[in-house]
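To start, the structure under review is shown below, and the notes come after it.
Chain nomenclature is as follows: A, B, C and D, assigned in order of appearance, with residue numbering initiated at 1 for each chain independently.
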């Protein structure tokens, strides 16, 4: 039984609607990942005694959280009602969960940032007796924020996936969270590389490299699991450009990072002893540039995926063809009882 | 309608124009009825019909005539019904000659007036004045045989050739209507302006009536012909008319020289000597009206102030008045919720006419185009008018809307419904009631010291309506006056219960006899609102229907001659032998105790002399008229003529178009040359106008509302893919449409809903144009007006113009702007060689034929008008056209002049064939404003020469109107039977008017 | 939710009720809980008739504070059974949409724009012009000496959308004044 | 992820107490729609929705409002088709008939068993189970005079069978003009409702889905959550003025509820008073019917059977299957061609159905990230 698979539509008009999400949301996706990854690096830095990395990642985390949160609010139709996000706790809503995750993350992250700022200013914040309390909370806060860190990095995959936007939904079902978490690792690692001293950013580099490899692999697997009509927007047009650019930056950044890591290991002793400034400067530069490239790659990935989804709503082909295909596929398997269209 | 077994919707886009009325069609369809839509376009009505039969606009009589032909030749008619209830057996005058004999003319045509004397169309009568009948229907002079012969050449082949309808589709129609008619089944027709807006409009309807009478579908549930009307109280506005030729209750406006005395007038309305039906009491109705208007000043001694009534002497319709305006013969103009700048044919002429006025009062909700033409109208843009040069004073007065005043609307089935007032009008907005009351008060105040006898009618008028605290007139007090009341005696001032209580001695007064009873017992019957769930399907306690709250007319025909129902399935009203009364599901529209077997030997004498099987009680003889001996000015039976501007040769007769149509020969109302004449190919396509669900007529109540505007935001034209390819039009691009009068632009909808038709071997492309848009600055959406393309050519019976068939051409792109637009239109006019004579040749048969026709008339005339008195009130006297002067001045000469290419030399051209006012301008053909060399005295009023003695000039219109509506008053046209079927409320209609608002 | 009560915080309600997924009763705002139809707030409901075509569909007009707040089909009507077409359904806009003109506007000869005019003044001006136009074009007899008693100076168009009572008064006034060029769209 | 346990009462995920309302819904029978658009107007008028668009022709037959959106909550589609397309539709409908219909699961059985996630999340599983279990799809009742249960009737590869019916084709077969009034589906498992983070969207006591405009902060998640493209955020720029045409202007209208999500409420404010939704009340031909959802579904089945008996095999139902991707819709439609022809998705699925799986993946990803971070530090030990 071969159904007529010829694509038809209502005057080529969109079937599903794109959410009114602009660059703010893409930025948020990037910053959320960055914050989560940074927080993990910060925790590790605290316990492995890497103060430079610790300070950089904690300040990155809070900055990313703050800016990301602000971007999220700015994108609301009614920003003054952003607190309504806290009205409910809805498991079925990744956006709701994300809000709670972000909030939870923001608390710990904020405490840590305050502590770091206090330290950086020579304990001169006017905290009075609260200072002791504040500093006593460092470890609990670090653990608390780290607890929310990975969900923060990971939930956005479900956020986009839990939509009717064909490319996002298909991506979500095929491991968008893996891509995003990888991307978060890349972003956090890269940013730390750019901001912290080379000798302390070994974990950042490794994390970035793992992330880069993970992103490349999961992105590829994800696309393979999707219907071609759902993949197209990821490869064509402006979103496609962005994702191709992300890919290139990722490779370049990864190579640079690997180079930096090798360099750091080779020169580990010298670095430890304060070796020649030229070497240090070279490594620092490679590290910073690679880190920036990786962070940019992550950002491009987020923008690309977001825009690809929005693009996929515009042409009903992206909706109809995959749906037709899966309907036919089920019918071919003899499953005929779950169609929304019924003859009787 | 919901009871019909088959519904033919022809000339109407019911689902679009009357969606709520259409619920009864869908209901009938759900019960298994077959629904067929005969229309040039595939519309939203067609979308849920069983069948679409595309037809060339204006060819309806060919189709219906062919159905009649088939029914008669194969004996498919409902024999018992036809014999008993129609005039099939009547014998027609020996002098009658048919269009079959005279190549498209009937006998009695007078080439000098382009009108018929109908004396040869009359019944043969015996000494007692009773009609002679041949019950065998075999006499060649019998209506039945005449009818058969008349339509004998209306064949399926003719239908294919002239209507463009495939033989298979025709057979489908035949099968549908004949299988669904008879004792057990009924077929219903529905029409609207698709029929009326033609120069043959009234005859289209009559053709359907003849078919329905033959099939026995009149007066029966699920049968009839339903008119679908377009305005809230279009019915009411003819019952209580704002029409030049009528007074309330279908009393005619008196005509100069014809109704000189009150007795003349009453004789024309109806007397026991002339009528069987209720018109016999015409004197009472007229007396009550006069008494209601002039109160104490109306006395028996002064014939109830009959002389106060102004007299008409010709047509004073809107198009005639407009010509008069162009000649500076009118100072002031009131527009009451009407937008002629957009809604009337030949919009440019309308707007130019306004620029000649001294003042204008526009009463509306918004600044409609008719209020702003002087500022941002198309003629300002084209430079033909300049704001600073326009002298016309404009008054825009905000009107109260339907929630801001109380009053009644009469819907299409004569149901009068009261609207309660909900809120006060905002600001200075005011109801028409208050405005006219106040205006009357002030005029009377200003004239109160006048000695001039001409001011007496104003000063003596009863004008003392009670007002409330806010100074607003109590509309119920007006309704009470309309209803009527006792004058003097112990019941002084009490409301009448029905029109039988009206007297002719001045002891009662009532403004509109057919509405008597609406305020019976002092109760506002129109305000009754018993929920439908609490009463039967007739819903007799919801509002009030005239006359006498009767919901269905002529329902006696729903029973067989012996008084038993035709069938159990179609049982409706029947004779109950036991009680000796008519009974049934509705109030019987018949003398309640007149037994089926009752016979009268009188031809007249009022209702008491109706036979027991004369169901059509408003007809003078109680029968349904297959052949109309009177009442139609253009022929006793419908005959196919090509529309004005048609590019198709009339395949049936040499007489191309209706010889009695009313044309206006003017430089600003040019016509395409018509088939066979040079220049025809300049305007090769057919424009047909219509309306859309989403808008209301000229848009005054819809184009200002965002919710409606967004649904149909732009003017568009509908064309077939074939035409799009031929002309090179892009879907949804722009097109410019040019007619002999104007050029407009529209977006292009290319659609298979438009079908090219093959007519006489040629492909005819029809182009659909909604007409709701207009050019002005105030509306939410604006656009060019389709009505600007139309010319004014009218049906001679009712003066409705032809909007459904306009010749023109189409091309891609937007139209020129500014003065270039004028040049653009003129370029085409020159190319086609148009002159005011083009396409306006009325007679196209040979002189011999004309002479023969005319001779028949002369002979017959010697014998008098045997039929006339009988239905003068309801009928019209034919024989009169309104083109007298113009035709005098040259109709016969026109024959040669019309080639279309005749250059208009500077010799004078009579430009206003229809200006009833009598003013004739003689001026160079190419100059409108200059050189008005002569103006004939306006008082000469042309008119129609009284010598022919026709009494009822006024009736023409009346009948027209009423005919279309099928009401009581009207008889001659068939309508009699139109009886809208069933109680449903449904029907809607709109008669002629789509065009306005 | 003007006053904040912690127990009314939907998250808490969510936990307190069986609506743990936060998709039903627990997330309802006070405003939602107090939802009423605006029809229910009407001071009065008036039965009316649709002003567009001639089907004569019944309308119910809901009024609050002397303002029309809703117009919908009247289910009691045997004609329309509560239904309305798009035009009928838009009648509330006919009454309330922005931009309706509620002032008398006057345009003097040759003027380029409107000016506002007092209603009483306007009617008085029209009355003067009415009388003048009537005189200007008065006709006592036709050329054969038949009485006419009429004026051709005044014409009127309209009537199919105004009330029978209004048409009646208009026709009565016009006829008494001798104006005969009275038409409506029954013939257009 | 969560231990929240809610009974899988699919549609009643609103969890109302003490309100014994039947589920309400529409049955829109497009076979008798006359495209008058009264529903669009009545809806806008009742809900004070601003007008849409630019007052220009959209280029889609008589449809000038385009689609459902923030302002247009009833939308009438117009589709012009010639005979080839009609025949194709008749054929595809014929095949659908032969596919039959699964037994309808009684709603009362839904509360059995605790599922890991509530409502629609749980339904995700049951839905797929249902689909699998019902495999061959036996019709619960013979829907028309024909015996679909006859041997071979359900064999999908045998369209011949339908030929036994008296399927005299209807008369108008060379061209047709379809009209269809679309509306929010009020899904049994509503994507918009599930993903709303503020609780602005809720399941009412009538089992309809409604936005609370006083709560909504315009995050727009619901817009992406709807598989039918119904809900939309109303922007300031809703009423556009086209730039290239000086003869078009913007309407002078107020815009309430700016920047919040908007869609059909099934006239919640009318329902609470026992009134009929504005669109259904005004519909001249009763193409739009309103009532208890179960009755609507019954009517839909009866009507489609009637049309099939007349040979109109192109007729089919949309949304009347509780086993479909959204658990059946509250607004059921009878359509005359494939859904996408009307701008409807052919196989919509509530995205939340995929959410457990996505959360699982996110969890895995999160763990992976922790592991990666741990490894990074382990690998960088100095």
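Keep in mind that, in the parts below, contacts are C-beta pairs under 8 Å (C-beta built on N, C-alpha and C of every residue); 3 or more make two chains touch, one makes a residue touch a chain.
Note that this is a predicted model, so its numbers are computed, not measured.
Chemist: I'd like the most central chain, judged by C-alpha centroids against the all-protein C-alpha centroid.
Modeler: C
Chemist: State the chain with the largest centre-to-centre distance from subunit A, centres being mean CA positions.
Modeler: Result for the farthest chain: B.
Chemist: For subunit A versus subunit B, what separation do you get between their C-alpha means, in angstrom?
Modeler: Averaging C-alpha atoms per chain gives centres 75 Å apart.
Chemist: Need the CA-centroid distance for the pair subunit C / subunit D, whole Å please.
Modeler: Distance between chain centres, rounded to whole Å: 37 Å.
Chemist: Just how far, in Å, is the C-alpha centre of subunit D from the one of subunit A?
Modeler: Each chain's C-alpha centroid was found; their separation is 33 Å.
Chemist: Using mean C-alpha positions as chain centres, tell me how far subunit B is from subunit D in Å, no decimals.
Modeler: 48
Chemist: Which residues does subunit C have that touch at least 2 chains other than itself?
Modeler: In subunit C, residues 10, 21-23, 26-27, 71, 75, 83-88, 90, 93, 97, 99 touch at least two other chains, as defined above.
Chemist: Give me the residue numbers in subunit D that touch at least two other chains, ranges are fine.
Modeler: Only 4, 36-38, 40-41, 45, 59, 118-119, 194, 199-200, 215, 252-253, 284 qualify.
Chemist: Can you pull out the residues of subunit B that are in contact with at least two other chains?
Modeler: In subunit B, residues 19-20, 23, 693-694, 706-708, 711 touch at least two other chains, as defined above.
Chemist: Examine which chains touch each other and state the graph shape they make (line, ring, star, complete, other).
Modeler: other
Chemist: How about subunit C: which of its residues touch subunit B in the complex?
Modeler: That would be residues 44, 46-58, 61, 63, 66-68, 71, 75-81, 83-88, 90-91, 93-95, 97, 99-110, 112-114, 117, 119, 122-133, 136-144, 146-173, 175-188 of subunit C.
Chemist: Quick one: which bits of subunit C touch subunit D in the complex? Just the residue numbers, please.
Modeler: These residues of subunit C touch subunit D: 10, 17-29, 31-32, 35-40, 70-73, 75, 82-90, 92-93, 97-99.
Chemist: Across the complex, what residues on subunit D touch subunit A?
Modeler: 1-2, 4, 58-60, 63, 66-67, 69, 77, 79, 88, 92-102, 117-121, 127-128, 130-132, 134-137, 139, 143-144, 148, 156-157, 191, 194-200, 215-221, 223-233, 235, 258-261, 301, 304-305, 308, 313, 316-321, 323-326, 329, 335, 338-348, 351-352, 354-355, 357-359, 361-370, 372-377, 379-382
Chemist: Show me the residue ranges of subunit A that touch subunit C in the complex, using the header's touch definition.
Modeler: 86-92, 96
Chemist: Residues of subunit A touching subunit D in their complex?
Modeler: 1, 3-4, 7-11, 13-21, 36-37, 40-41, 44, 47-48, 75-79, 81-82, 84-85, 87-88, 90-96, 98-99, 149-151, 153-155, 157-159, 161-165, 168-169, 172-173, 175-178, 180-181, 184-185, 189, 202-207, 210-211, 214, 268, 272, 309, 313, 316, 319-320, 323-324, 326-327, 330-331, 334-344
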